[in-house]
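Paired with chain B in one complex and with chain C in the other, chain A is shared by the two complexes that follow.
Up next is the complex of A and B:
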């Protein structure tokens, strides 16, 4: 192999990468706030007994689940300003696109764990005189949230990785800074290796936590 | 309430699932506050369904149920009317464990008293501890359901129902899912309640338990009452051929 690695010139210019990581983390946190809250509302709506509510919400969720995230981001960036005559700044638009995408996936996670609450537990709730609202609040919600935590974390960290896509619409995130640095140093291989390692360093501990939570849940459920 | 006035009066109870499976086909049962009714019968005969109807968990097709002389459940033009206030005076323990897994034992016991009745948390905890102590579960007060044995879970479930001071308790095969060595501890708790004159309806396949707790035994099959009488008679010398056959088969007793 004739290629000689030269990490030194990349290390000398690392500062923008940290700025980029900060933007990426901001995107991730904001998108997760949207994903966790809106996702739960969507899950409740999609289980509504009224078709008129169920149908549009199902469509909304499936649209985000069944189209590539990169198209959603591009679409948000170019179509929303044209259609609605609003432009909210590239970071905000990125957050919206990533947040709605995450909400759609989280809605599915919430729905599955809400429907997994055993019927007998709800019967016991009736036998104890709890009202329907109290049964949602004190029986369904705590169990459903607890059961969906591993999937929510997995989805959330997925958004951290997917946020790299917003670089194509000029959000100055970790990926964007990486591309700039690669051009600057003429060292794309080294630069992207480091960028990948940064993504990995954040994602890996979270996926370990997910694994731990799932093992613990299996023990508790037995 | 006197011991002979009916506590529960079931008249012409019909119940099907989705109009297809006819489960209860004109059931008439009366029980007084002094009664401890044991229901026996073949699997799939509608025993659980009857208890679930009594608990207000099911829609009915026809018939009516009164509780302490007041209307409780009735069917009018396809709709089932259930008096929620009456329902709150009935407690039920199920065959499968129904403790809330995210709450510890105390949390399970005080949920309904604090949320349904607005009892103060401290008061409810105090009553809960007293009940747990009585059932030999005081050291488990802060354990989670996953940390309990099956027998302990069922005793906690009984305590949880008792927290609401029910005037009638329903037990649906509460020991069927237990390992044999755990059955006695649960039955002891129910026997304790019986000694305190708690009216109850019990579905069980345990002959010893049935004999010891019942003031009356009802044999249900095909959605109707086949035989109804004191335990010595129904279990010891049944009048009906179907009862005799069932008892011989299930309890391995030859008459």
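Up next is the complex of A and C:
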């Protein structure tokens, strides 16, 4: 291999990458706020007694889970302005697309952990004379949320990685800045390696925390 | 605004070709990726610290970076590093296989753990070679137990394969975007493309649940 590396050309241009990382983090946090709250609401709706509520919500969730994230984002950027005649800022659009996607995945995580709350605990709640609302608030919610934390964290970091897709619709996130820099400096190897390392440096600690939480739960369960 | 879905049907041949590319790419990467994943999982549970270290770094790195970045790396950097021109398909296969290997290795690792120590002891007692032990005792059980998760890994790969459109490979997503740009009918075209992905991925995710509930319970594994 006759290639001389020149990482200095990337380090000279760290400012745009840094700006890009900030946009990426902004996208991730805002999408997670939508995902965590809307996801919970969707999980409750999908377990509703009424079919008329269950069906559309299930369709929504399955549609987001069973199509590529990239087409959701492209669809959002092209079709929402045409259909509803609005154009929000590109970052806002990115947040909404990523947030809805995450909400669908989180809804499944919440649903699984809500259904995993043992039946006896609810029976005990009835025996103690708690109202249905109290049963949800004091019995289901704490256990369910605690149990779903590892999956929610994994999904959250998944959105951090998926957020790179908004570069395709020209939101100036880390990936977009990396692409621009690679073209400007003719240094794709160095640039993309550093961009990959930056993504890795953020995701890796979180995935280690998830691993720790899961191991701790296995120990507690045994 | 008015919709005109007839536009989409004029391009059904192009979309079909795109879909075939997507399916071809996905299937090749499923086969190669699963094989890679199984051996990675073995490496991660091996006695040698070097094997464990290298395979762990590999898996963590591919799970910790966006697939888009991996694709860009393989498309733009690998040819420079190797000094050979790679075809689009070859680059796509390499990138997605490496990714699939990393995610399936986690699936296999979990299912390898579920093969009891007694069975491995029994293999030693029966005097089986390590190869026979891996192929005839560990592999069948690991694959069976991993089946539901592997299938959902395959669905993920099918969805991630749409990313190759970003590096100019003519898959379903790429063809769809091209048609949508040329006809200026993004709503119809992109919706149909999304529906095509959905129609394929949705039954597969249902199959995951069916396998989990029926087959595995019947086999009592």
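Here, the second predicted complex is superposed on the first by the 222 of 222 C-alpha atoms of A that agree within 3 Å, B and C clash if a C-alpha of one lies under 4 Å from a C-alpha of the other, contacts with A are read in each partner's own complex, and residues count from 1 in each chain.
As a convention for this text, contacts are C-beta pairs under 8 Å (C-beta built on N, C-alpha and C of every residue); 3 or more make two chains touch, one makes a residue touch a chain.
From a predicted model like this one, the values you see are computed outputs, not experimental measurements.
Of the two partner chains, chain B is the only one touched by A:138; chain C is not.
By the touch criterion defined above, A:151 lies against neither chain B nor chain C after alignment on the C-alpha atoms of chain A. Which of chain B and chain C touches more residues of chain A: that partner is C. Contacts of A:120 after superposition on the shared chain: chain B is touched, whereas chain C is not.
Contacts of A:130 after superposition: chain B is touched, whereas chain C is not reached. By the touch criterion defined above, A:75 lies against chain C but remains apart from chain B after alignment on the C-alpha atoms of chain A. Across the interface of their complex, chain A is touched by residues 52, 55-57, 84, 87-88, 90-92, 94, 96-98, 100-102, 111-112, 115-116, 144, 146, 157, 160-161, 164 of chain B. Of all the residues in chain A, the ones that touch chain C in their complex are 1-3, 62-63, 65-72, 74-75, 78-79, 82-83, 161-165, 167-168, 175, 178-179, 182, 188-189, 192-193, 195-196, 199-200, 203-204, 207. Only residues 118, 120-121, 123-124, 126-130, 134, 138-139, 142-143, 146, 220-222 of chain A touch chain B when the two sit together in their complex. In the complex of the two chains, the chain C residues touching chain A come out as 1, 60-61, 63-70, 72-73, 76-77, 80-83, 155, 159-163, 165-166, 173, 176-177, 180, 186-187, 190-191, 193-194, 197-198, 201-202, 205.
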